[in-house]
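A, B, C, D and E are the chain letters, set down in written order, and residue numbers restart from 1 in every chain.
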């Protein structure tokens, strides 16, 4: 679970909901037609904008970003070092038994290649390919969330226009003006909330996450190649640390 | 038919129309003057902005994008492999008979060049030229749709201003204010709907489509050259698969 | 005359004026103070933003763009081929008599250089200089129109603010509110119309026109050098056609 | 004096003031609190955004741009040619007596270096350094004016919000609504006027001015080096003319 | 203390508060729910957008920027020259005693490396690493403040929408309309003030500060290496001055 995201969503929406509930007329804030216009309309726009398969592939990336824990470079490095240690002491084939303890698919396939005695050049080529693949999907996810964050407020405004026209067209009973406008404005509120407390910040988090995951995968790639060539575990740790940018390095060292 | 686009348009406009029909005053939402201002005005702006021939050439591209089915790289590769197979077994001239079964004009002309024994360098040059041609037209189409998506809301606002001024200038009968404002706002609604549920998402889809079609044409180009040089069909399939970026490759492999 | 621009302006403004005339209160849509604020103010802003001489040089470019007919690459190529033909049969000096039949100044000076026996390198250098000059003026014109398209709506809003404050400050007679607001809004309307149905689309057309004119001038430059070196007219036509990007080439070939 | 800027400011603000004076309620357009919010607030924002010394250094650049006359490349070239002439006839030391007739500091220091027999490489290095220095200050001035043009309307809106809240909070006497709203809107008007008739166009002029002044300084640098190496004055004029881009060259030639 | 920032904040907020206090209904300008929506919501959005550790690391950078005095290149250079002087006269080990008088951590660690006789190449590598580290943190801080400056007004608008809907839904008592709207608008005011008088200008100042601090650190790096190689103090001062861009150089020379 990515705690900051969860806390952010709870804090943001919690405060908004609290303000609504403790205030007057909270019943006005829930409107089925507004939900239909904003979310149905935004969905429609995004379906025109992106092919089906892009939308599906993004769902996977998103859920992974939300459900996975923050990346610990320290843990990744220690895992690689311990694999290197085992490989050195018991031979490269010994680490095949460790495969079932590895969660990360990227690391898993890397270890498998190393155990299979695949050529280092081929391992590097195929793993870098997968890394580019991952970055492309992150980039796509980010662009889709930016698009959602643009369409949602636009459809909120469209819904409010529809509500206003409906209200104005039946302006016989002035006592209904307030309720009519309240209903109309709810749609704009939905669009603004969806964009600013979900779509746009998530697009930002995906960028951050992509940078972090790319670095982690690069560590794994270098680690696998070092393990295969039988490097000293201590040397591998040092090498991987220099691989980190200074910011990350100091963080890792603090963790250690 | 590009299903996602159709579903998106139906979902988006369907929800909007449903909301309008089930609400009050649905008669107010249909306004000939508003249609004239938004669509006539946007047409006027785009005619000033782009030469006639650009606008005509785009109509062709658009219709092709909407009516053609999503591109299947797998199908393209299999078609090239089967042509290679036939060429290998029965000689390059044998595939001339297949020409009538080929829908794609790019592939058709490629096959014709190969059968005619045209120099490989010339085939590559002329087919890459056509590919650049196609990308330019896609780019032009995208820019025109972005321009439409900018002018439409602006003209919607212009129409609303005209409506407001007309209403305010005749403010003798206060009972007409509501109806007047409703009519005025309809024009803004038209502009916003046209931009956010059609022009802007279509501009986005054209970009996506351009990337996909370019990749497909590159596959065809490589395939034609391999067929002409008499390569082994199995080798051609593998070569074309490596040509795909990892994302596409895994998709193709799943399809296979 | 550039027909698309004329049709676009007539269509756009025609529809707006038609809507205004057939509606109520058309007298409210004509306001001298609004014209003064929007156009005088925009002129003021552009005078601060650009030196006098830039503004003057742009007027020439604009009028040329509006009054000249769309560029026909076919015609340009045929004219060059026919000059090459004459030069080949009757000698290079014979084409001097054709000078009076040539409208395009760029072509005229090129022919003069060729007849005078100027060094090819010098012809290329001086004509490329003039071409860059032309592109710079187009770019400047485009930037000035983009600036006009930004200042005009801003000054429209300023005029509306002034009108609103004037109306609100004398709010003794409520029956005047409508007329006051109508007058105030007219200024915003002027700014929006000027920007969206003139300044911004013209900025777009200038970009397009610049691309086309640059290509035409490049054809002329290559043609002049080929004529001077006594190339075969048929070879010149083929060479110039390859000079065109594929899109333009197919257009030219259709014209032929 | 830069005439276009002066005319632009007079035309823009003159028209606005004329409209205000000839209309109703002109007294409402002058508001001390609005001036304080817009200009004091914008000053506050810019003080947070830029260090003191940047703001001071910009004041100098601005005043120079406004008070100096438009740059005449012709005059600059003729001055250099006449210096070269004197240096050729009476020796390089003779031009030292001309120093008091030279207004331009850049030219003055250049002549001094030449008279002192400084190494050409060193003259070029030090004068190019000063040129970069000048460009940096122009760039800084431009960015500061763009920032002012962004903060001013934002603070205008803030002032209007404050005014509206004050008015709405004391809504007991409906007869005061008009006057209250008028006062509130004046602040938005101030911000919009300051941005669109001063800050943003001046930012644009600074860019233009920077390009022109850079070219002039480059002419001076080349001229000084040619004078020092004792080049023929006629040759210097020709060399400096080729240094100009075609647009400028034709302008200069027209001036000559 | 960075005086300009403090003055800017006091001037900006002071004027706003003064206007509010001296006007009517100042009690309306303080609203707990508005503070909760704007600041709580913005915090929520930023927590979704950035990981925890980025937000923490930025707090340090910010406080340092606000609390530290403006950078004096002159002082930095003089400090380095005096260290060089001591090292020359009493030997490199003598400057170890100066360590306790040095505030700047970067300079401190540099001096320690020099005293320890670390290889110059290694000193350069490790100090440049730290410099990149610093720039990355500044860049991150700047991006976070830009994000805050985007989310705050958006949440202000969301709060106003909520307030408007609450007011409109209970529109039985028209006498409460004014107070309700006043309360609603306060939230927009909070968002606009936070963005334009704090978040956005601070983002700008961080950029400026980053440029200055980077230059200072580069001076220190060059100085340390010169001290270690035993250069003449006078030569070091001259070398460091040429290292400054002309703008900075003239400032330093004025200071000297």
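Convention: a residue touches a chain if its C-beta (ideal position, glycine included) is under 8 Å from a C-beta of that chain, and two chains touch if they have at least 3 such contacts.
Note that the structure is a prediction, hence the values are computed from the model and not measured.
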Subunit E and subunit C - chains in contact with each: D
Numbering shared by both copies at the subunit D-subunit C contact, with half separating same from different: different
Angle of rotation relating subunit A to subunit C [CA atoms, steps of 5 degrees]: 145
Distance from subunit E to subunit D - Cα centre to Cα centre, in angstrom: 29
CA centroid of subunit B to CA centroid of subunit E, Å: 47
Arrangement of touching chains [line / ring / star / complete / other]: ring
Circular arrangement of chains, read from subunit A onward through subunit E: A, E, D, C, B
For the subunit E and subunit D complex, residues of the former touching the latter: 2-5, 7-13, 15-16, 18-20, 22-25, 27-29, 70, 175, 177-179, 181-182, 185-186, 188-189, 192-193, 195-198, 200-202, 204-205, 208, 212, 245-247, 250-251
Contact set on subunit D toward subunit E in their complex: 33, 36-37, 40-41, 43-55, 57, 129-130, 132-133, 136-137, 147, 151, 154-155, 157-159, 161-162, 164-171
